[in-house]
Every structure is written in C-alpha cells, then in structure tokens.
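Order of writing sets the labels: A, B, C and D. Residues in every chain begin at 1.
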Amino acid sequence: METATAPEVKRRITIDPVTRLEGHGKIEIFLDDRGSVERAYFQVPELRGFEKFAQGRPAETMPQITSRICGVCPMAHHLASTKALDNLYRVEPPPAARKIRELVYNTFMVEDHTLHFYFLGGPDFVVGPKAPAAERNVLGVISRVGVETGRKVIEMRRKLRDLIAVAAGKAIHPVFGVPGGVSKCLTCEDATQFRSVAAEAVEFAQFTLQTFRKVVLENGEYVGLIKSDMFTHETYYMGMVDERNRLNFYAGDLRVVAPDGHEWGKFTPSAYAQYIGEHTEPWSYMKFCYLKDVGWHGFAEGPESGVYCVAPLARLNAAEGVATPLAEEAYLEYCGVLGKPVHHSLANHWARVIELLYAAERMKELAQDPEIADRNVRILPTAIPTEGIGVVEAPRGTLIHHYSTDSQGLITSCNLIVATQNNAARISMGVEKAARTLVTATSVDDGVLNMVEMAFRAYDPCLGCATHALPGSMPLSVQVRDSLGRVQTVLRRDADGSIHRE
Amino acid sequence: MSEPFGPVRIGVYICHCGTNIAATVDVKALAEYADLLPNVVLSRDYKYMCSDPGQDLIRQDIRDRQLNRVVVASCSPHLHEHTFRTALKVGGLNPFYFHMVNIREQASWVHESRAQATRKAKDLVRAAVQRVAFHQPLERGRVAIQPDVLIVGGGIAGIHAALTLANAGKHVFLVEREATIGGHMAKFDKTFPTLDCAACILTPKMSAVRSHPNITLWTYSEVTKVDGYVGNYKATVLRHPRFIDESLCSGCLECIEACVYKQAKVNDDFNMGLSKRRPIYIPFPQAVPQVPVVDPETCIQFKSGKCKTTCIAACGDRHAINLHMEAKEEQIEVGTVILATGFQTFDARRAPYYGYGKYPNVYTALEVERLVNASGPTAGEVVLRDGRRPKAVGIVHCVGSRDENTNRWCSRVCCMYSLKLAHLVKEHTGAEIFNFYIDMRTPGKGFEEFYQKLLSERVHFIRGRVAEVTDWALDSSEEGNLVIRVEDTLAGFVRRIPVDMVVLATGLEPHADAPEVRRLFNISCASEGFFLERHPKLAPVNTFTDGIFLAGCCQGPKDIPDTVAQAGAAAAEALALIDAGYVETEPNTAHVDEERCCGCKTCISMCPYHAVAFVDEIHKSRVNEVLCKGCGTCVAACPSGAIRQNLFEDDQIFAEIEGVLSNA
Amino acid sequence: MPEEFEPRIVAFFCNWCTYLAADLAGTSRIKYYPNAEVVRVMCSGRVDVQFVLKAFAKGADGVLIGGCHPGDCHYQEGNYKALRRYRLLRRLLRQMGIEDERLRLEWISAAEGDRVRAVINEMVETLRKLGPLVKSDAARAHLLEVA
Amino acid sequence: MKPVVAFYWCASCGGCEEAVLDLAEGVLNVADAVDIVFWPVALDFKEKDIEAMDDGAIAVSFVNGAVRTSHQLQMARLMRRKSKLVVAFGACAQLGGIPGLANLATAGDILREVYGGTAPELQFTDNGHTLTLPKLFDSVFPLDRVIPVDYYVPGCPPSPKIVSDMFDTLWNGQLPEPGSVLAPDHAMCDECPRRDSRPQELKLDRFHRVQERVIDPDRCILAQGIPCLGPATRAGCGSRCIAGNMPCTGCFGPTSRMRDYGGKALCSLASVVEGNEVAEIDRIFEGLVDPVGTFYRYSLPSSFLERKRLE
C-alpha cells in the first residue's frame, strides 16, 4: 500500500508487508520530529469473512470449511471445529476416536514446529541475527548444521505429513473429523507405521534440542539477546493444561497466569467468552484479544493491562509441567535457565523445541496404545444442536471455534479466535518496543530491520505462515520522510538480503 | 467454428408468408438487422420462402455466395424445417447446417404491436445466427420398415384401410374390441343422402376382410402394450376368450338355438337394448367372424357350473366350444399403425331436460336406426315401446353438440342423419315429423338436395333449440303425449308441440378411454379429446409420432365418405413408408464421449428406452443410437458433460440463450 | 421500479407439447405479451440447470420451462426429471436471492394454446411487480468494477 | 539461464504454498530447475521492483488465492503484465474457492458481522498518524475474472502429483493449449476405489448428512445417500477424501465440458432421486440442507451468477 502519498505531518516508516493471518501483515512506525519512534502500528489489512459466510452452512461442514482459514495449520482448525461439533451435538467420541484425533494432532505439531524451527525461527540463532541476510535462511541453517540434517528435516516432515494423510485423508485440509468421532478407523498397519515414525520423531526432536543447546545456549551473546529488555514484556499468559496442570495440545482447561506467574484463572474452554474480550482498532482488520476482567487499557504491559499472549512461551508459563519424561526434563532445564514465568518473547523458540519433543513423545505413547486400532470410532449424535465450542492449542497458540445453530444444525453465528489474535496486542507492543530501542531516522539498517522482524517472528505468527517468509529474505523498506511527507531517505533490503540506499 | 468450409458464412432468409408475417413484423427492418450480425454474409426477405423460388434462393446463394450455414425465419419448424433442410441438401450443403426461426406462430400471429413483434423477431433471429455457427454436419440414419401393419378398430375406417393395404399385398393385423367388426355403420339402416342400405355396402367389405389372406383379424381383442419406433413397433394384443374356437367353428349357429335359455333374456347391445339375446350369441346375422361368443356374465355354466351345456352337445364333434378357454396374448411386430378407434355417441342422459331414460318414448337416433332396420329388433317396424305406431315424431337436433354445457363442437353428421331418419320414419309410419334444429348444416354432395326433398315431403322444420321434453299436459290435445317446448326463432314465439315419439340426434364424442389409447401409442389429443393430427391441413392423417396414422372419427366427427377417404389416405401413408423400405431418422440422438465418460452410471437409469448401456469391459456407458429417441435427458443428467446430443449440443443451446439475451 | 420496465423471459419449451401449444396459440391467433422468447428442446428433460442459470446471468428476469403433463411425456418420463431438477434449483435460487416466481415449470399440452397465453401473461405481470433481476445500476456496476 | 518464476498469492490460506513444499525432496529439484525471484511475501514493497521489470520478464507466475481486495486486483494485473505465463494455482485462484462463499454476503455484511459497531476504516487518522487499509470488494473473484490466465491447477490444495506434473509440463513438456486445466479431463469417479460398487439404477429416496450414518468404507458413498460430487468433479486428486471415508466435495472443480460446476452437479444429482410428486420430491431434497454450500463450495465466484443477488 502506498500510504506515504497522503500528506503526512509525522514521519513514518512502513514495514510492509509483514505476513498474514488473513492476508498480510503490515507495520507502520511513526517517528516524532526528533526522529525517535513515537508509535508503531501492527496492521492486518485483509479479511475473508469466514464468520459471515459460515452462516447458513451445515455445522458438519465447518471442520472442512474452517481449515481453509489457514493452510499451514489446517489441522488445528479442523480439530477445534470438530470438537465444537462434539460439543454442539452433545456427543462424546469413543476412546479410539479421541485417541486417533490426538495422535494425528501431535503428529501435526511435530511437523509444524519442525518447520518453524529450521526454516524460520532457527536461522536467527543457528545462523545468527547479525549474519549477512543472504545467509540467514534455511540454506544458511543447512550449511551450518550440514546438508545431511537438511535432508533429514525434509524427510521427517514428509513422513509425518504422509502419516497425517493416511489417517485424515489429506495433510492440507483434512477430512476425518465428524461430530462424535472420526470418519475412519486406523488399521493395524497404520498403527505400526505411526509407531515407527513416532520413534524416529522422538530421536529427531532430541537431536533438535541438542542443536538448540549447542548453537544458542552455549552462546552467551544469544542468551543475552533473549533476555534483553527490548524483547521482554510482562503480560498475562494463557495455555491449555490437563487435570494436573500439565501441557496438553488437544484437550483440557485453559489456564491463565499473571505476569508474576501465579494462577490468575482456570476455566473450561466453553467458558472462554466470560474471560476473553475482543478489542477492535479502526486501523486493522484483526481484532485484539484481552482478559475481560482486567479490561482493555491499550497496548500496555503489567497486571493492570488485559493484554495476554499464547503460543509455546505462554503455554509453558501457563503449565506446571510436561507429561512426558524427556520433555519434562527439558522443561526443567528451561525454567532453570530463564526462571518462571518467562517474559522473553525470543524464548518462544526454546519453548517450541521443548513442545516438539513433547509432541513426539505423546505421539509415541498414543501410537502404542492398543486401543488406537479399535474399529469403533463413531457415535451418531441424537441431540438437537444449539451451541458448540471447541478449543485446541494450535502451534501458534490457543484456537477457539464457537458456533450457534438452528435446530437443523445450520450455523446461525460463528465466532473464531485464532491463535495470533490472542497475541496481536503483544506482537504490536513487541514491534513498537523493538522499534523504539533500535530505530532512529539514521540508525535504520538491515540488522535493525531484522531485529524488528524477530520481535514478531518469535511468535511464528500464523500470519507469518511460515513458508512464505524465509528470515532475512523478508524484503523491507524504510522510508524516512520530512514533515511534509517528502521522502528523505529510502533504505531497501531485497530478498537476497542486499541493502540499497536511495 | 471454421471447419469444414473455412470461416462461418451464414445466409439469413426472412419470410413474409404473404402478409401473415409481414403485416406484423417489419421484415425489411429485420432483414437489414440480420445483415449486420456476425458471420452473416447475406440477408434477404422474400414473400414465400417455402415456395420453389424461395427455396431456389437458398440453393443459389449456397453456390454463388459460398454459404455454409442457413437461417430461415418463417413459420414453425414443425411445418417446414424438413422443406428447408432439403433445400440445403439440394444446394449441396449438409441439411443440418440449418436453423429455423418461428416468427409466425410465435411472433406475428400472437402479438399486436408491430414494434414489439419486430423486436422479438430480431432477438430470435440473432439467437439463431449465434446458434447455427455451432452446427455440425450430421447424417440421417436409416431404419428398415417392417412391412406389416397394425390397424386398431374394425369399423368402416379400419375395414377400408385394412382392405386397401391387404390388396396392396401388405399383411395387416386388424384388432377389434367387439366380437365383430363393422362398428357403428353396421347398425345403420340406410345411409344419407343416397339412402343406399348400409348393410349392402358394408357387409361385402366385412366378408372380404374375413376371407382376405393378408388380413389377420382379431376380434374381441385389445392392444395392451406398444414399444419401439417407426418401422419397428412391437405390440401386445390381448385376446379375450370368446369360448368358441374360431378355427373349429363353422358358423352354423346351432349352439345358439340349443342354449338352455329358450327365451333370450339378456339385453342385446347391438340393438341398443331394444331386443334380447341369449348368453351364447352372435351380435348380428352378418357378423364377422361368423362365430358366436359366450357371455360368462350370464351363462349358467359359468355362474353355477350346473348347466346341461346343451350348446356343447349341439356343436357335436366339432368341439368348437371350450368354456375353459383363457385370454391369450399375441406379440406382433409391425412397421406402422393405423388408429381407427372411432367414437362413442353422446349419452342422452347428460341432457336430462330431454327426458331420455325418463319417458319410454324418448329414443336416441341410434335406437331408431335399429327400429327402422329390417334386421332390427322390430324387423323394421317403427313402433313405440307399447307397440303403438307413432303418429307424431319430434326429432331434436344437436343433442350433445354445439352446446356450452355438453360438447361445444358440431358433430357434422346429425343434421343429415336426422333428415334421413325423418324420411325413413315417415316412410315407415306416415307420422307427422317435426325437426327441431339450430342451423341446418348440409355441406356435402347431394346433402342440400336431400334437405329440399325432405321439405317437399312436408316434414316440419322448426328452428330453435328445444328447451325441454315433458309429459305435463296443459290441455287435452297434449294428454298422454310428450310435449316438446321450443322457441320457434323464425315465428318468434314459444311453441309446445305434442308428439308421441321423440328422437334425440345425439352427437359424436371421443371414446371414454381415448386418453389411455393416446398414451399407449404416444400421440396427442386435441382439446376436445379427439386424437391430434400432425397438421390440420397438410398432415391430417399423420400424428406427431412417426409411423402412426389416424383414420375416421377418432380424429374428429365425420361421415362415411370422409371416413373412407381418410382411411384410404392413412393406408396410402403407411404404404408410402413400407414401399420406401426404410425411414430416415432424425439424427438428434445422444452419444457418449468415451474418452471423458467416468463410468458413474448416472445416465443408465435416465433412459426409459434402455438405449444407454454400461459396458463393463471399458467401464463406460454407451448409447444405442437406434434405440435412442433423442430426448436429451441423459445429456442433462451426465454430471461431467460426457454425453452429448446432436442438434442440441450444449454449445448450440448456450449460444442460443446468449443470442436471445445479448441485447439485454 | 419505473413502470416502463419490461421483463425478459427465456422459455424452454419441449418440442412435443408446449412448443406445439405455442404454435397452436399462433394458429388460433391468441394474443399474449411478447416478453417471452422460446428456446426449443426436444424434451423438458433436456433442460440443463446450467441453461437456466445462464439465462439469469445473461439478463433474463424470468425463466419458464414448459413440458408435457405428468404421464404424457413424449419420452415417458423426461418431464419428471425436469420436475426434480426444478424443485432443487428453486431452493438454490432462493439462497442466491432469486424469488421463486422468476423460475416457473409449467405442464402445457399440445392442445392448450390458450394456456400458453395465460401462463406467459401471468408471469409477465408478476415479474413487472417484482422488478428486474438486477435491481440497480450499482449492482450491475459492481460485477464490472474488476473487469 | 534458468527460467525466472514468481509465486504470488491473493486471498488464500497458504495451503497452496504448503502443497508446493509437500513435494518434499522434490522441492530441491524445483529449486534447482528454476530461479525463484519472488516469494509471495514480497507484496507491496516489491510492487516497485516488479514495475521496474520489463513486461513479460517473468517466465511463469504461479498465483494462488482469489481476488478480494483492491490491492490484490492491482497486483494481479501487475503480475499479468510482467509474466509470460500466469498459472492460476489452486481452487481459490481457479474458481474462487471456499473464501468465495463470501459472495453470499457483501463486504458490509462481513464487517458488520465481525466488528459490529466499530468496523475498521479504509483510512483512519490516530492523533495525526494516518493509516490506510485496502478496500474489500463486495465480491470475491476468481483470477481469470480480472486477468487472462494461461493455465489452471485445480485442487484445494492441488495434490502433490498434480503439482509435480505441472512442473514437468511447464519445464520439460510441450505446453498444452492455453486455458487448459493441468489435470485429467474426466471425472473423479473414474479413479474412485469404490467405483464398482455404484449401482446401475441408482435411485435415492433420501439424503443423509455425515453425522446421520456411519459410512461403509467399501461402498459408493453416493449410493449410501450421502451427496458425493465425485461424478461431477475433475480427477487428479487421488481421491484422497474418499480414502478418508468422506464424500467428494468438489475441490478439483469442473471438467472441460461443464460451464457452471454447481449447476451441472445439481442437475445431475437431482436426476437420480425418486418421486414424481412435488411433496415427495421436496421431502427428499430437504435432506440437502444447503444447496449453495453443497454444489458451489469451491466455485461460487466462477458460477454463472457469481454471487448472491445484490440489493
């Protein structure tokens, strides 16, 4: 968008685009006359209106329709929606069905976290934030960790996605979720396949954790960066936990901890509306979530501000432990180094690797469950539908689907809170804080821009739908204008990372 | 859209049809408009496109202007599509590079505003021009004509048609519902206007039928099922058991005499119930076949099983009587069908104000036909039910004709047969005869002369629709008589005419079961219920179903000469097909694009003719083009568009739709 | 809508009944509104739902399908297929904001010339009341804005 | 000199990019074969650069997603100008896709629904900071509605096989006829593992919704009374949904002989129901609770009517 043509009294920096949830992200940084950051805006300039055109659709088609919100985490939408249907039709899936869903879901989590760590987040550390942009991408990562590893990553993802297709029909936009179960059972051969891949996945996750330890934790500079104030925000955190407050992606209650780490609230997902409010800013198509009881007080930190966040960092803050041995170990190490709760956005990367390990272990557990190949995977609902809510922990955080229907099960209203909406406020703050610390009219350079990027990439915002943004190759332009809006300097960085001053 | 003649070159022809079109549609403007349409290389208007010079225009332009598509805007394609296709063919162009626009029946004749009719005509022509560009050359298939003919109905029409065909050497299956052929005509005494005896002219033809080697006569039989298509119809005929084996019966009729019933007790339908018959009987002396029939309703053996069955004894060693005979079905294959199912007379009870069924001396014309008939119930004596000779007879015309409350149409024959009966009754009884008529209709050879003759015989004619027939006497002169109340529209006052006999000239109407018969043969009925001819003037004996023809009163009321003439015409039409040996079929059949058929089988259940079959080896559907009748239902149903229909391709229809609307 | 609005109707008539009825109306000189233009098909069973949608998309304010009376189909049951498609299409059109009155399926036999007049006149009058399918120039313009 | 290609997306979910990544090891081959000059993310900012290029400088642009905003329209036109070939990649670009169901509503409806009172504004000034958002059209448009498209790759998302075949065709093969869909031109039924279980005389006397009955994994799904669009949908997907024991919902869109996917599919399905009486027929169709959502789930914007009638 050519925003600068409008006569501007203020100076502005346009980082456009970022990436998208529905469309693309955009960052607007406004400088005061002294050239220091006055305000930064994080915009989402597109909207597809699923909430609207869901109306009139039969509820049972929602798992397939809503998966189209995001092709990177379709499984999250598919299952959140399917769980909403269970709830809508008041039907409890048979054990095998429930386990198949969770098995497939964890398979998906392993795959998606892998993608993020190696292709997106990883490079900032593995290669290094200050390294030439040209190297700061997946190829850079591969050159550091070795081509073998590169192939290993790709191969791992393929196996995982093939497995998902076996159980769910398609890896992208699955079809197996139906109210009261899943459309097909797993054969014993399927189960065996899951078991063998799960074993590989666990090894792979451990290997990944090792890599992270080596290249990040053993590097003081990085640890410093992680802990640095500019990437730190003291907000509330939300995540799903099981009955013993341990991390869970598929089912459980939502637990919110305050900036000081104590439990602020814990509620069954279907009660989300009492706790979570959605705030609209007239300059963005994305709504900003906040804790109702605390209230919306703008883009502010601290216990008085309702701003909270989700995703790996938040999940580990909200949980009191992890249910699988190896991941639990890693979790304790993590808390040991960073304390609890962890307020450092960049710690998301570490948390993600821990979750990766958990997902792999959980996958293994479920694949070994004798019940997984049971043939009874469906219960036909009989209740008259009225309202249903379904929640899962998407890779990027809590995902909520909420439907109301008429007695025929046709959607009358549909509310969707996607992971990144929960984070939207904190991402904006993160961007603004990073910008304040780093950006001045004269200090803009490639490193600076990447640092600003890192502020939101840490969340792997689904509007960063990974695949599109190879770190460092994200082209950015900074235009510094005088008070009449005339362009003074333009700093541009291309996909190949080269910097041009115009 | 270029092949095979290079770019599309369309010629458009606008017909004036004299003033039929030109008076309402601005044909000049239309032609000029068409001239500007894409791909149109020439556009003409002409007085009569269907005339030879009109067709020559097309042939010449095809040659001189290298036309490769032709559009004619004139009358209904049902009338002249064939004419123009032939013109293309003669002109050296595939006849299916043609599309016809109906701007007469569906524009000039149905709209008043010249502007609007012209606008509509432009839309239709534009649509045709866009459509015809997508036309493809097609070849007509040929279907061999099975030479045998099925004739349904053994009245004079069926008889005449059967004999005509049989004499031409064709084999005919003549199916009659009653126990004998002859139909209504066999009941008549004399025929107007010549007064020659019906029996004398009919019975020779009847016996000719019986003895004709080329005619298979099935009386007491009905067609129950018809499949197939022109040239190849398969019919099922149900032959009711008459309990006497035609092949063994010699027609001596001794069985009838031998019947345990000494007195006939059963109403004799042939004599309109004016006489009685036995349970075993023959409809009338000259019946064909000369084979009695047993009526199981009344035969004691059937009712009680305790009859002495003297009839069987009488039959002796011929053993023709078989009371266990069962109905049997005959399957026949014929190439053409002639429907000559006739009519039924109006039921006079539906006009209660005339007292039929209430006053014994109110008769229908048909009853009187029997009374005056020498072989009738009274051996030709015209007597009332009490045996008296009538002194004054009133004949009421138009009973169940020309009447809003019953039948609107004129039955065409009533005036004349009323005159005939007036003459005959007067002849037999010398009674005073009063004719009550609305209009006297005598449009036929010798008809008017006959009317004049009657006038000279001092038969009374009173012009006026009879209000009622009553026995309510106002004075002694009316005592014991039937009084006919009528407004004499010539004298201008209401009159009461006392008579002792009333004859109701009942009209003709379609058989009650005409609709079933119509469905059986897949043809249409006109609004009044008579079978619908393909064209009232140009194809009066054809139907919209090829190979099925009409003869006689099933198509509409008519007298004997007209009926015989039409029967001859129908026979000739059938002959024309048979002698041609084959018929060219419309190529508008469906076909499967096997490359693209996904084998979903949706089409299989679409076809009522089982023309679409699934070929397992290739897992695709296939259309049998001979069985396909070209409705296109499977085409619309094919989910992936793998079935197509010649002449009604999607391309063509979409182009037509867009064409119609493209100025919207 | 302004009074001068004249609806446009595309009429798909089967060759054996309704088209003949229209011819009969002609030979009987029965007068009716000139708003309907006939596309002849052999059987109402040939009328593909796509044809109807195309007509609406191209500017028809109404679509009329004419077939033989039930039991009278020249092809035995093509008209039943038409009926089934019509009933489902109606429901789809409702969702698309198109009133039931804009799509009619009528059984008109070859003998019912007068019914052709009755049906077409009635439909024209109904559509005059309903107004054009494309309600406003704005609506028309919308779909062009990207073209 | 490797061919220069670009990936660009409009209103889409990212699944199409994932579909390319799902070539897995294959991706590396693609990366070797071509010179990818843009990642989709390079939008607005890249606009200038793209404009700076010579027209037709890009060999192939793969565009996924439908056109929903003024900005996507602008970009689509730009990509067209700069590219020799434009490939509409995936159901959204080809047909409008599931976001195309938004054509049952207007931009206004959507904003009201999502934000109630305080809807975002196209231009908003927050104490002197002017922020703008692109305009949402009232309708979603398939790519070829706004620019000429050379080839189409069907699917939501395109199957890995379709995608690798596409690359083969574009780099090695002789190019098919412009306007072709790069997938088989027969319906999916042909590839369905259950095809032989479809009865010849299928007559449905009621329709079931997926939650109303357990689907027999070996029998034709349509024959079980559950609407399956396999007979009307282009092949090439590998019948993955059927493998998932769920009906085909038509994401691969029409074959070359269908002009309005939903209309044709409806016409066909309506042909195989029982009933000669209106009441009976209507009762059966009550089982199809959402005709538009059933027959136009992926193709409403590319249908003849394009969208719900506008007031």
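In this section, a residue touches a chain if its C-beta (ideal position, glycine included) is under 8 Å from a C-beta of that chain, and two chains touch if they have at least 3 such contacts.
Source: prediction; values computed, not measured.
When every pair of chains is scored by its C-beta contact pairs, the maximum goes to A-D.
Central chain by Cα centroid: C, whose mean Cα position is closest to the mean of all protein Cα atoms. Averaged Cα coordinates give subunit C a centre that lies 32 Å from the centre of subunit D.
Inter-chain spacing, taken between the CA centroids of subunit A and subunit B, is 81 Å.
Put simply, the C-alpha centre of subunit A and that of subunit D have 26 angstrom between them.
Counting partner chains per residue, subunit A has residues 56 touching two or more of them. In subunit D, 104, 258-259, 264, 267, 269, 271, 290, 292 are the positions where the chain touches two or more neighbouring chains simultaneously. For subunit C, residues that reach two or more other chains under the stated contact definition are 48-50, 54, 81, 85, 95.
Touching subunit B in their complex are the following residues of subunit C: 8, 10, 16-17, 19-20, 22-23, 25-27, 29-32, 34, 37-43, 45-51, 54-55, 58-60, 71-72, 74-78, 81, 85, 109-112, 117.
Every residue of subunit B that touches subunit C in the complex is listed here, in rising order: 76-78, 102, 104-107, 109-113, 116-117, 119-120, 123-124, 127, 519, 522, 524-527, 532, 536, 544-545, 588, 606, 608, 629-633, 635-637, 645, 648, 650, 653-654, 656-658, 660-662, 664. Against subunit C, the residues of subunit D that register as touching in their complex are 67, 73, 104, 137-139, 141, 145-146, 258-260, 262-264, 266-267, 269-271, 273, 275-276, 278, 281-282, 285, 288, 290-292, 295, 303-311.
Only residues 593, 595-602, 604-606, 614, 619, 633, 636-642, 650, 654 of subunit B touch subunit D when the two sit together in their complex.
Contact residues on subunit C toward subunit D in their complex (touch as defined above): 48-50, 52-54, 56-57, 70, 80-81, 83-85, 87-89, 91-92, 95-98, 133-136, 138-139, 142-143, 145-147.
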